[in-house]
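Scrolling down, you'll hit the structures one after another.
Both complexes below contain chain A, partnered by chain B and then by chain C.
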Partner chain A sequence: MTTAPHRARADTAFLAALFVFLGLYVALIVAMLVADASFTSPADLWEAIRSDEIQSAAVLSLVTATLSAILSVWFAVPIGYVMTRFSFRGRALLDAVLDIPIVLPPMVIGLSLLILFSTPIGRAIESVVPITYQKPSIVLAQFAVACAFAVRTMIVTFQQIDVRHEHVALTVGCSRGQAFRHVVLPQVRRGMLSAFLLAWARALGEFGPILVFSGAMRMRTEVLPTTVFLELSVGRIDAAVAVSLLMVAAALIVLWIGRSFGLGRIGQ
Partner chain B sequence: MRSIALGSVLLAALLSWWVLRADVGPATGTGYTLTVHCAAGIKGPVTRAAKEYEQQFGNRVELTFGGSGALLSALTVRNHGDIYIAGDDSYVSDAKQRGLVAEILALASMRPVIAVRSGNPKNITSYRDLLRLDVRTGLGNPEAAAVGKIAKRVATDLGFWDQLRDKVTVMKPTVNDLGNDLQIGTIDAAVIWDATVRQYENLEIIEDPQLSRQARNVTLGVLRCTTQPRPALHFARYLAAHDRGLLVFSAEGFTPIDGDEWADVPQLELMSGAMLRPAIDSTVTAFEQREGVRVNRVYNGCGILVSQMKTGSIPDAYFSCDQTFLDQVQDRFQDGVTVTANDVVMLLRKGNPKNIAKLRDLLRPGVRVGLGHPEKSALGALTTGLLSRTGHLDNLKASGNVVVESATGDLLVNQITAGSLDVVLVYRSNTAHVGERCEVAPIQEATSQARQPFAIAKDSAHPHLMRRLLDTLRGADSRRRFEELGFHWRDGERPK
Partner chain C sequence: MSILLDKVSIRAGDFGVDGLTMDISTGSYAVLMGRTGCGKTTLIETLCGLRPLAGGRIVLCGTDVSELRPADRGIGYVPQDGALFPTMTVHDQIAFPLRIRKLAPDAIESRVSELSSLLGLSKLLDRLPAGLSGGERQRTALGRALSFHPRVLLLDEPLSALDDETREEVHGVLSDINRHTSVTTLHITHNRADTEALADVVHILSPSGIDPSDP
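Let's turn to the complex of A and B:
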């Protein structure tokens, strides 16, 4: 045991060490953004904001990322619940399968989707809803990756809540569905919002699978990461950086509002 | 909780509606909508030219960008759209080999050069200088970037590839990755295309003759899967026209090729030996329909055609019955490409009433002989040569048996079919449609074969278009037609 002054000093050193790590990482992020900013100018930013192509890409990015994130949460909640509450043969293997979209290089996801929709089954689906190289392909490509992150978040969330509440509900006569709806879901709201925001952020930054599966068609399948790629492809670093900074700003605003209001309210 | 669930359903429904609805796209009016897969590195000129084209013709051009190789891979998996434009010709050749591309049009040439920052602070003067220890060097991956492959080949030929590979600071998959690195300042020099360097304000070009010799072309391929070849080729011709799309390429720092002159519907003239008519006419018509051009054909005896050309009437291309006639006007044409060969045969009246088997039988009294005119037609010149070589020419003239000398083989066939001649010497292809009305007999004493070269006029305003016509005439469908008529396929043989 240490004395009080000793402990205070030790705590200060400990906390200082923690903040050093925090500070270093934040400094790295901020330094990258400052470096980016040095490669562009307010005029470039203004030009980017005014460009029809970039406005179209921004709207498409926000819409598709939001839709992908909602779909991801819809899938992640039941999947997470099944993976934490039920034991069955092959669960470990299934658990690994769910991580495949995280492990695979993004381009491979795009290529796999492209091949999938070139098979007779894929073509049959496309005869009803055109997907490849169309806007829905962006949502599908984003969803394929983002959902895996949402699932991982929901699994951790379900693992953290106490199963006894559910058991109590079952013993007082609730069906499994009622227990899930009235007891489990209210407890995982924070996790659901976290899963949504993680999936949204992931979908917004998604690039590789979209380039392969959706193409990079101006005003049609061009999302903001595609814009950055296209600008870099022709050596316009200033424009690429301007679009990147716009993405950072948009993401920062959404994540900040989401976390401070959403998590705050839901947590109460 | 219920309100969150309901809200998410409503929001998802609204966003889904937007995504699906928006895919209908803006109205295209009466024009066509073309899908063009374009290498990202040439986005600038293609986007500008496409915009000008849209304004001028009311068609829509939807551009989709990516790396040349990545686009090719995607097209291999899922072939769709109308046009593929690659950063260098090797990708389009590859696409052609895979059966993805029909027509190929070159747009601009690019030379590999050494790129350095403005002012050349490291004083680099040659490719070998990249070995210097104080120079941070970037190269394209030889496996991924065409320019990387060239850099490797040249360095290997010069004997310093192993040194350079060990010393190089970074290898990147695209030239723009290297341009960006140079601009940011993480490397001092890189081997990239001259056109890429011109995209950056603060980079400059150092020429090395060993590298510069390895120029490549930015190339366009019209996809085989296009359902609208005529509008696709209309846009392709616009891009490749020296007074339209290539002006934009030039303004953006590329070195355009010497392209065709722009015309909405080009009017071309093809002069062709009459014997080729049945073999090529339908192919040329199909070409006209696919390309959206007019090819005015002038069929006649080659002697007559050559006379017309000598008086100044030069067509865009000349498909000659024989190399000897092309030789007479060769100064006005590029080198000819031999496509086919055709035998001279004897065509006899049905039942061969005069019992003609050999050339000397033509000398027998009372045999009515028809020959090609030796000056007006290649057939006549060949026949005269054949009779001379076999020692029958003078005797035949003296015999008075030669009743007629015609400018074309078809006229001779008409006359023998009508019964006014006993034997004519014509091309085997002239006999294709005589059926049972006459008999064909090969000439046993000697063979005589005419070779048909196709040549494009040096002054043609549309040499590339004519080259595509030649490519079409050398295609599989055309070959079948030629061979059905008795021609021998000699595609690509050097003229004798």
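Let's turn to the complex of A and C:
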């Protein structure tokens, strides 16, 4: 028979087990960051940041990730609204399609983009705007993945908005567009910021698709993850770690912005 | 006649009712009673044009609105718990239908001040819904529904979330509105106290249709 002291001991053991898992994982995350930081010195870091290649990669990374994140939110807002407010045939299928970029191996996305732009339609586009192995390919590769995350965020956001607000807006004289603009959009601003930050962080870290679709040309299509790869491949671990720390700093800033706007977890 | 339902059919998933007929005369306060799950909210949403009409006709103040969009029906709709817009102040909720209609700012301000004094909201105009009590929310929702001089007022269990004291306070407000504006009102509820306090006429909604009852 279970006695009270026995139950108390079992509860303590259960809670202890929960905290062991939490502690182990947090320890792994912190240990990785500490290891990075202790591997390099401020002098090495400064040396790396001063190099023309890394500066150019950092600027290109910031510009492309920001463009990709803006584009992602621009698409994710209408897509999320359609997916939460309208029921139609094939909706479940469409919902699954929207998750493909999340589950597909990143390299495959790069390869698929490369092949897409070698088809007749792709070549027709290329004849007007050169994309493959050019800077626009970086934005497209980042957008292809980051948008899927922004869409997920916006779907969750719109699901939390009571549809009766729109119903009332329609009865007081709004068109559907006016109800969306004046009643729905002001309620999803935080969700949009969350989607933007998540997309931005994904885009900044995107590597596989960019390597395949944009190449790894120094000073031309080199973004920060490409720099890490190039520096590692020639054995310059110091520089690779320095660039990694730059990206860690960018990620922490994103987290901090998200928290300071009271978003809770980014992506929700 | 002000609200006329002529052999109205409604459908919502597996639920459906046919042959709903009801006639409410201008300026009267009608209460439609029915048990939970008998389709009260579905009927209101159909009247508002938020659900397609499966059959029959809806005529408001002589205009057949069966095919009109919700925005063109001229219905002041107050759903359960008000469904106030969370990002707008009390002032902006009441002004919103008038801004959408592009009324002059002076006209909007005078209507907002007229309604806020009728509804006892004058001191709350800068508040957001999160800072309002249950009764204040319902009065704000009434202000928003009345601001554009609707043909009729439709209330879907507007008092169900309120405590007894607040309920009586809002009863008073609803009687005042009916007296001051003479707007024809259809109030849906399952609560006898609301019916006794407010109704000029009472109808009962049941699976077989709508029947008149003694108030």
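To be clear about the criterion, the second predicted complex is superposed on the first by the 228 of 268 C-alpha atoms of A that agree within 3 Å, B and C clash if a C-alpha of one lies under 4 Å from a C-alpha of the other, contacts with A are read in each partner's own complex, and residues count from 1 in each chain.
Note that in this section contacts are C-beta pairs under 8 Å (C-beta built on N, C-alpha and C of every residue); 3 or more make two chains touch, one makes a residue touch a chain.
The structure displayed is predicted, hence computed values, not measured ones.
Visitor: Are chain B and chain C a fit on chain A, or do they clash, once the structures share the same frame?
Guide: These partners fit in the superposed model.
Visitor: Considering only the touch criterion stated at the top, classify A:Phe229 as touching first (chain B), second (chain C), both, or neither.
Guide: Once the two structures are laid over each other on A, A:Phe229 reaches chain B alone.
Visitor: Pick one for A:Ile70: touches chain B only (first), chain C only (second), both, or neither.
Guide: first
Visitor: Between chain B and chain C, which one contacts more residues of chain A in the superposed model?
Guide: B
Visitor: Looking at A:Leu204, would you say it contacts chain B, chain C, both, or neither? Reply first, second, both or neither.
Guide: Neither chain B nor chain C is touched by A:Leu204.
Visitor: Applying the document's definition of touch, where does A:His165 land relative to chain B and chain C: first, second, both, or neither?
Guide: A:His165: touches chain C, not chain B.
Visitor: In the superposed arrangement, which partner chain does A:Pro186 touch: chain B (first), chain C (second), both, or neither?
Guide: A:Pro186 sits against chain B and chain C alike.
Visitor: Which holds for A:Ala58: it touches chain B only (first), chain C only (second), both, or neither?
Guide: neither
Visitor: One more residue to check, A:Gly173. First (chain B), second (chain C), both or neither?
Guide: second
Visitor: Where does A:Tyr133 make contact in the superposed view: on chain B (first), on chain C (second), on both, or on neither?
Guide: first
Visitor: Please give the least Cα distance, whole angstrom, that chain B and chain C reach in the superposed model.
Guide: In this superposition, no C-alpha atom of chain B lies closer than 11 Å to one of chain C.
Visitor: Can you list the residues of chain A that touch chain B in one structure and chain C in the other?
Guide: Touching chain B in the first complex and chain C in the second, residues 186 of chain A appear in both lists.
Visitor: Quick check on the complex: what are the chain A residues that touch chain C?
Guide: Result: residues 162, 164-165, 167-175, 178, 182-183, 186-187 of chain A touch chain C.
Visitor: Name, in rising order, each residue of chain A that touches chain B in their complex.
Guide: Interface residues on chain A, with respect to chain B: 39, 63-64, 66-67, 70-71, 73-74, 111, 114-115, 117-118, 129-130, 132-136, 138-139, 181, 185-186, 189, 211-212, 215-218, 220-221, 229-230, 232-237.
Visitor: List the residues on chain B that touch chain A in their complex, please.
Guide: Going through chain B, the ones touching chain A are 1, 4, 8, 11-12, 15-16, 18-20, 22-23, 25, 35, 37, 40-41, 43-44, 47, 62-66, 70, 73-74, 77-78, 80, 174, 176-177, 179-180, 183-184, 196, 199-200.
Visitor: In their complex, what parts of chain C are in touch with chain A?
Guide: 45, 48-50, 69-71, 73, 75-77, 79, 83, 85-88, 96-97, 100-101, 144-145, 147-148
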